[in-house]
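Notes to accompany the following structure.
A, B and C label the chains in the order they appear, each numbered from 1.
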Amino acid sequence: MTNSRTSTVDLATRWLVLALLVVYTLYNVGPIFWLVLSSFKSRMDFFTMPPKLFFTPDLSGYQAVFGVGAAKDSASAVGVFDSLVNSIVVSVAGTSLAVFFGTLAGYVCSRFNFAGKGDFMFFVLSTRMLPPVAVLVFYHLMFARLGLADTRFGLVLVSIFANVGLATWIMKGFFDGVPREVEQIAIVNGYTRMYAFIKLVLPMVKGGIAATAGFCFIFAWNEFAFASILTTTQAKTLPVKISAASGATGIEWTQICAAGVVLIIPVLIFFYLIRKHLLMGMTFGVLGRR
Amino acid sequence: MASTPVTHESRAVAHATRQNALRKRSSGRLMIFGFLSPTLAILLFMVAYPVFSLIYYSFHNFSALRQGTMKPVGFKNYTFLLSDPELWERFVFTGKFVFICVTLQMLIGIFVGYQMQKNFRGRDVIFTILMMPMMLSPVVVGFLWRYMLNSEWGLVNFLLSSVGFAKIDWLGQTTPALWAAAAADTWMWTPFIVLLATAAFRGIPDTIYEAAEVDGASPAYRFFRITLPMSAPVLFIALILRLIDSFKQYDLFVALTGGGPGSSTQTVSFTVAKTAFSYFYTGEASALAVILLVIIIGLSMILVRHLTKMGEKY
Amino acid sequence: MAEITLKNLSIEFGGFKAVDEVSLTVKNGEFVVYLGPSGCGKTTTLRCIAGLVRATSGDVLFDGVRVNDLTASERNIAMVFQFVSLYPHLKIKENIVFPLKARGVAKAEIARKLDWVTDVFKLGDELSRYPGALPPGARQKVALARAVIRDPAVLLLDEPLSAIDEQFREEMRWELGHLQRQLGVTTIYVTHDQREAMSLADRIVLMNNGRIVQVSEPDRMFFDPVDVFAGQFIGSPSMNLIDLAPVEGGLRLGDSDVTLTAARDLLPQWALSAGRPLKLGVRAINVHLTDDPSFGVALPVDDIFSVGRERFFSFRIGDTVHQGVDKRSSTAGSEGRVHFDPEGLLFFDAATGRRVGAEVAA
């Protein structure tokens, strides 16, 4: 514990830092606030000058998103609720599996040195380098041939593929922060490596798992490009469904804002639940052997 | 061992380590194989077909629209692309975008992350709120900023004019549009850096800072000689990941500028999409995608090599 | 070198008093050990002297100058922490010169000091390696080198040897003591290990519950404890503590049927007529076995065992087991009478635990 006092120069720096943080927070939160506010605007109120802060709330945006009232989207066989379910299933499954595989791979890359490790790590990283747009067509063909088109399973595969690389790299970073002594002491006392891994090491990287899960969930949940191409009716996820609601009649601003708000809520909930774990330390091996 | 251990203790430890190493080898092998195979399998499965197809089609005169006639054309796609001056402008634009975004995000992210490492009241909540931009769908982000940057009715111009600045035509001209896109991308992805940077900074034990304080290091000295070097590996990873992702940026530009004005804000990724899905020159698009991939891989290799060198100390 | 004075120092953390009105003066060049159980406030006091913890009330003075408001960087102190605090990303060489570089010392001076320290600590082979490659003992040596390279006024050590294997601890302890005498720097050392304190200290400051219990040289601490806590904390095996019940003609030992009398056991007269319940403290080295039936008392002897070159025996009073030292020749049997050396009898007030005696104030 330390409560030592800071000198005057530090005090001045403190105020400057605080000011900068305030600016950043405004920059960060402002647009979000604006988004939420705008989602309740009617089409009329949307484009006024000066931009309105106070107005009568209008739910037309949300109505369009949920396909109720005047803006029912009759073209699709899948209702909003179903697409919500699809999204949840695909995101949760994809995230869990990506984090699971990534954690295992990250652990091994942290602890062992084996031939081709560097290459393996780079290969894993490189999977993220593919621009989705470039490979969409090929995935479409591949999935069609394998009977994976329009299936949740197919989307889950895509989800895992997109995220496991990130998961591996980030989890390796967290594992590097756990001293090797932890397992060595267990082994010397007769426990197996597996036991040491599950009972001792894993609890120590709970924060890393949380952060990784957070990232992967975000990517999986908001995934749009692949989902739109690879699904037609049954397996449509929420982002796709929502975008379908903004038709070819130009940009439906209120719907987009409403959709944005609706989409962010589950992610927000997820992050709020894991907030205590998020800030754990990660060192990527800097501390070496303690 | 090359150098002779100094004390009795070093000799004892060296002996014990050798014993341990022998014991580790057998149980380790199984674990390596078991833990790596799922990841390797999925990645190979999902990567192999598309990448090979990509390379294959890049050497062919293929159009997804036309059926049948597909001739191998060697490097013609590549030469065609690389000799197009407009395409070079796309590359330059993309390069500028990536550079601005990554620089801003790293600087801001490290700064904010550094402040977040100390415990203060309400930090958990503030932290969650700060993460929010990252949670939005890129398309939504694009449209949101498009709305805010509208030259007539946008929030940003309104704020500017109310403090006396002139309104700026953000999305109608290339240079402001570049900065607009950078602002949007930075807004969205700085939290990513903040999260990783905070994790990295919190991995540094307090005793090290105490030792530094006792040693007479000023806060600035501590930051540059201890905090940054010790979190360098993590920050580097963050840099590499952001670099890769900004090169690929597509969704944002679709929503924000649609590639406009004209085609000046089309990133390379955007061009790939357009070539493939608007013009249906699939072969050409594939070639362009391959070029982009090569650039990304090249840059990453350089950075990862540097990262590995950093890690070798430990 | 500096003289450190603590005046009525109190340190509070959110209502909890970790250090309670501590006053002490550490002389120039002295090696003082703060000793006590976990949570007694010794580390907190040390960190306050270092400047890492702020005093709630009271003063910390270096050579008579109040340093409460100075940060750790501003006080001329050096510290070696319990869990190694070397900079893992810097080579040993860079670790050691860090304090000099951080304060902007000239390159030539740095080189000179580095050579001197390398010499003293025999670190020549290790300079280009990284802390991660060294075992804990070597690392603490480096930490020590980094601490002394600046010629600090005060050297503070927070349980520096606790993370080191037992076998190497003694070697390091000796080197540390030797180094301190060589450098003559005022040193404050915190530990919970009383053997460490006994072997290293010029003076021991025994603390418990945030307060100072006793400040003495090791010998006096051992032979002249100020209360039961001090008596039992110091010494291994710990001091035997026996209840005394006043009976006809003497004091009965606990639940046994043995009575100590003034005549035979040379009990001090005042103890017999103390008028309040007492406890007897007697260290193992002052309890012997004797075959002479005119000496000692008959108490059941449980066991005789050897530890190193010493022979110990355990005996019972009621249900409690106590220890003594068997100084008879090795051919002696396993039976004997227990004899308490009257010189080593310490009496404590059973209620307060404080030491009582003819010369000690009531």
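Just so it is clear, a residue touches a chain if its C-beta (ideal position, glycine included) is under 8 Å from a C-beta of that chain, and two chains touch if they have at least 3 such contacts.
Everything numeric in this text was worked out from a predicted model, so none of it was measured.
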Point to revise | Which of B-C and A-B has more C-beta contact pairs | key: A-B
Study note, to complete from the structure: Max Cα-centre separation from chain B goes to chain C
Review point. Approximately how many whole Å separate the CA-defined centres of chain B and chain C?
Key: 56
Review point. Whole-Å distance, chain A centre to chain B centre, using C-alpha means?
Key: 15
Exercise for review: Note the residues in chain C that touch 2 or more other chains, in rising order.
Suggested key: 51-52, 71-72, 83, 88-89, 130, 132
Check your understanding: Using the touch rule from the top of the page, what residues of chain A touch 2 or more other chains?
Key -> 2, 4, 286-288
Check your understanding: Mind pulling the chain B residues that touch 2 or more other chains?
Key -> 205, 210, 213, 230, 232, 314
Check your understanding: Which residues of chain B touch chain C in their complex?
Key -> 3-4, 6-10, 13, 205, 207-208, 210-218, 221, 225-226, 229-230, 232, 313-314
Check your understanding: Any idea which chain C residues touch chain B in the complex?
Key -> 50-52, 71-73, 77-79, 81, 83, 85-89, 98-99, 102-103, 122-123, 125-126, 129-130, 132, 134-135, 137-138, 143, 146, 150, 164-165, 167-168, 171
Point to revise | chain A - residues contacting chain B, complex | key: 2, 4, 10, 13, 17, 20-21, 24-25, 27-29, 31-32, 34-35, 38, 46-51, 101-102, 104-105, 107-108, 111-112, 114, 118, 120-135, 137-139, 141-142, 157-158, 160-161, 164-166, 168-170, 173-174, 176-177, 184, 187-188, 192-194, 197, 207-208, 211, 214-215, 218, 222, 224-225, 239, 243, 251, 253, 256-257, 259-260, 263-264, 267-268, 271-272, 275-276, 278-288
**Study point:** chain B residues within the chain A interface of the complex
**Key:** 20, 23-24, 27-28, 31-32, 34-36, 38-40, 42-43, 46-47, 49-51, 53-54, 64, 108, 111-112, 115-116, 123-140, 143-145, 147-148, 150, 152-155, 158, 162, 187, 190-192, 195-196, 198-206, 210, 213, 219, 230-234, 237, 240-241, 244-245, 247-248, 250-251, 269-270, 272-273, 276-277, 282, 285-286, 289, 292-293, 296-297, 300-301, 304, 308, 311, 314
